[in-house]
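Scroll down for the structure; my scribbles are underneath it.
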Amino acid sequence: MKIGKATVPASAICTSDDETIVVRGADLCRDLIGQIGFVDYFFLLVTGRKPDAAASRVLNATLVAIAEHGLVPSVQAARMTMAAAPDAMQGAVAAGILGCGSVILGASESAGRLFLRIDTLAREKGLSLNDAAAQIVGEMRAARHAIPGYGHPLHKARDPRVAALFKVAQDAGTNGRFPAIAEAIEAVLPGITGRDLRLNVSAAIPAVLLDIGFPAEALKGVPMLARTAGLIAHLTEEIATPIGFALSYQATREQQYTGEVPAGWAPKQEA
Amino acid sequence: MKIGKATVPASAICTSDDETIVVRGADLCRDLIGQIGFVDYFFLLVTGRKPDAAASRVLNATLVAIAEHGLVPSVQAARMTMAAAPDAMQGAVAAGILGCGSVILGASESAGRLFLRIDTLAREKGLSLNDAAAQIVGEMRAARHAIPGYGHPLHKARDPRVAALFKVAQDAGTNGRFPAIAEAIEAVLPGITGRDLRLNVSAAIPAVLLDIGFPAEALKGVPMLARTAGLIAHLTEEIATPIGFALSYQATREQQYTGEVPAGWAPKQEA
Amino acid sequence: MKIGKATVPASAICTSDDETIVVRGADLCRDLIGQIGFVDYFFLLVTGRKPDAAASRVLNATLVAIAEHGLVPSVQAARMTMAAAPDAMQGAVAAGILGCGSVILGASESAGRLFLRIDTLAREKGLSLNDAAAQIVGEMRAARHAIPGYGHPLHKARDPRVAALFKVAQDAGTNGRFPAIAEAIEAVLPGITGRDLRLNVSAAIPAVLLDIGFPAEALKGVPMLARTAGLIAHLTEEIATPIGFALSYQATREQQYTGEVPAGWAPKQEA
Amino acid sequence: MKIGKATVPASAICTSDDETIVVRGADLCRDLIGQIGFVDYFFLLVTGRKPDAAASRVLNATLVAIAEHGLVPSVQAARMTMAAAPDAMQGAVAAGILGCGSVILGASESAGRLFLRIDTLAREKGLSLNDAAAQIVGEMRAARHAIPGYGHPLHKARDPRVAALFKVAQDAGTNGRFPAIAEAIEAVLPGITGRDLRLNVSAAIPAVLLDIGFPAEALKGVPMLARTAGLIAHLTEEIATPIGFALSYQATREQQYTGEVPAGWAPKQEA
């Protein structure tokens, strides 16, 4: 069935014949394997160009920052899935990746898009970053939109990964425009929302990545790639020391049933 | 519901309080972000120890080797999924990851386990690698088991990624035991199967990774992590230049319907 | 980690002890197995009440209407995934389900929400359905929002499933309010958009389901449940007659590579 | 890339033109929508033929039996995924489906294959079902293979769904061969394993389904289709009454960290 207009698939990423695999213009086996690190290769795959040293350092730092934070919901989902289907690690990884949504790790992309709007407004209207941030955050609040990338359930003071990432970016000599925008939002938020919400890692990541020219469309991919590494570590541990079912048991120890029961029935022991 | 014996979940990977995130014994923000590359961090997450320079170089090379090979089935599945559900990139990545199964990318793990069996047999019985390979491959053939990691639909001569990976491992000064085992299988295969099946990338990857002490249980994770990078590149391209539906249209242009039709009906135009 | 306010999980769907499983107030083994059809049980699970005969008939009809339409993109994704990972049918089903997104099958939910807005506007302002439809569709067009549920890539005249579903609903004696709203949109669309877009199955399904009191929040679940049945049929066929890799081969026969190549390189045979 | 031999995709399930959709030889809109229930349609999709009344009744009963059992691991994974990615219900359903693996719901298929082996052995060697069961179960134990479909973490006496399903099958007048095989295993198990493991629902389902001619290849699909219904109910409840994050919080309240910590560090409050 023909859906949409394009009927001939085209791609600029890779071509090959039986002897040679070409990726982004380079010969994979001659020019890339052993010649380029995987993170730089990821940048090349996504953007079509190799990162400079600063971009490489910053991209590595963001991936390290977001790869792992213990038994978070997506890791629990992955370990429960592995316990139920131990022959299919790819299914458990996929279950974990599916938790990279708008509420949890997807905030990186929406925060990045917010920063870009503030950047554009400040440039076009000649506003200070704080004024541009105040205007756009004010509009978002009026429309009851959440401000992505601020506040954290555990790290009530500023998420410690923020300072670490900003320091890497600064040491690498990046421009600093988007971290400044991220901090402008942090500065105006209490006045607008009445709450002292601090920058979290999901705002720091797009801030430093936009500074190195990483495309906004691919921002969501960074936490996904990073978490895949963490998920593989957890699933390797799950094989040796299974806790997937222990997690699901604990999760329901205090559960409440709020529905009806048959006449005259009471549970002998709730499960 | 209590399933299995363990009821208290334990993990050795990560702990945290509101100020500090500890990963594998290190302070994430002080010791890791900006101090360690993402690939070395992946090794640390999985194994609990930092890789030496040789291990880092080899692991990077395997990830680069397997991340991308054009519009392979899992990339097509991911791009079709993205076309149908553009708001949920995580779903498209997951659909791609789900294609890392026993037939395609999962061969890395099964080839690795085969190498370990040959290694053990050779050591225990004092056999040459060729003799140990011949014995185990012969048993597998007798039981009609496929030999994972040999032959390739496109690269009929040896997959060019094999030599590239073996050279990286050699240059890095690794031991060479498992690449030798992989080549021992290649040497005995024609005599046993009558077919000149050459090493492919799914055998080269576990060969060089086992040499650097990467755990067999996590081998399957390497192509998954690598492909996640390739999938993110393809999905970023899909956002800008959609081909997901063009792929599905092309796929069915010659499709045949082999079932019944209602009496008297003929298609005006098959879809 | 505590995320959000609720800390004790509660659910009204099911409870059990070692002898009895209670679902929505009934004893599963005594009152439901063998006493209720699966589709009525689905209605009960979702809403907490058993459907009447009309609701049962309509819900069955919608599930039949949307379960299968040949080698559509999500079925292709599932069959390719099964070919790559034949040991994990659940992964192939999941890959197919992931294609139930906003563009393809998810339109059922967004069309349903559109009908509810028109229903509310007509009631509150005392407007005719055509006037209410014209107002809301006009606003959506002005905001450049797509109108979900109208037009079809193959069925250029009205999707034949629409009349079949509306007839089932009419025969079952349902109220007809939401099908009337769906047709009101169809009536005003040409005047607003200049295009003669006709009702498709993704608008007919929510129209007849809202009429039987099926909740808007669960509308997206109907095509997902239905497609799961179709996917299982296709994957059962894939086991016997594999075409997953043939689909991916066909899909790329005319593919174009639009990127760079290494200096002096030309493909011997593009793959 | 051409993988395998088949290059032209063929399917016997569905074809269509712009006016007609043909499924398994019938006109979907004229012969099926409103004329056949969804469960019978599922049987038709999978097998190519309509079920008789007994088969319809039994298939409905199995789907009702396995659709829902409270906050089991796959439901928890789905609800956590929905909490993290509320815009993508298809991702949460997929995460739940991925938990239909060899340990949990996939046992239906492996139990079915075990019954078929016993059936064949008994017929070919003229053995009683108990003798055939004893021989095959004995071999499986000797090879340290688990016996799928016996024992249950909650229902220590016989899973109550077993009697309910067997009664439906008996009332429907099915042959009873495979339930008898399932009970033969139950009879010989204590003598072979020393443990009084009773039939659970994952053995009863394939027993009654094989009796109605449901294909072994599709057995795994029955719990998947059933659970999709349960998952949609839970995700509809999750939208109204979110507990995804509460589940993950509860799951880790007693978690233990068994790894190293930085010198001098102790958690202020473990998270």
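Per-chain residue numbering starts at 1, and chain names A, B, C and D are given in the order in which the chains are listed.
Everything that follows uses one rule, which is that a contact is a pair of C-beta atoms (placed from the backbone, for glycine too) under 8 Å apart; a residue touches a chain by one contact, two chains touch by 3 or more.
Predicted model only: the values in this text are computed from it and were never measured.
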Intersection of the contact lists for chain C and chain D: A, B
Chain A on chain B, rotation in degrees - Cα superposition, rounded to nearest 5: 180
Most distant chain from chain B, judged by the mean position of its C-alpha atoms: C
Copy pair chain A, chain C: interface residue numbering same or different (half cut): same
Computed distance of Cα centres, chain B from chain A, in Å: 23
Centroid distance [mean C-alpha coordinates] between chain C and chain A, Å: 28
For chain A paired with chain D, centre-to-centre distance based on mean C-alpha positions, whole Å: 34
Multi-partner residues of chain D (at least 2 other chains): 1-4, 8-20, 30, 69-73, 83, 85, 87-88, 90-91, 94-95, 98-101, 106, 154, 245, 247-248, 250-252, 254-255, 271
Touch-based graph of the chains, sorted into line, ring, star, complete or other: complete
Footprint of chain B on chain A - complex, ascending: 1-4, 6-21, 23, 28-30, 32-34, 36-39, 41-42, 45-46, 57, 59-61, 63-65, 67-71, 83, 88-91, 93-95, 97-101, 106, 154-157, 160-161, 163-165, 167-168, 171, 215, 217-218, 220-221, 224-226, 228-230, 232-237, 239-243, 245-250, 252, 271
List of chain A residues in touch with chain D within their complex: 70-74, 76-77, 80-81, 83-88, 91-92, 94-95, 98-106, 154, 244-245, 247-248, 250-255, 271
Chain A residues touching chain C - in the complex, by the definition given at the top: 1-4, 8-20, 22, 24-27, 30-31, 48, 69-70, 72-73, 85, 87-88, 90-91, 94, 153-154, 251-252, 254-262, 265, 267-271
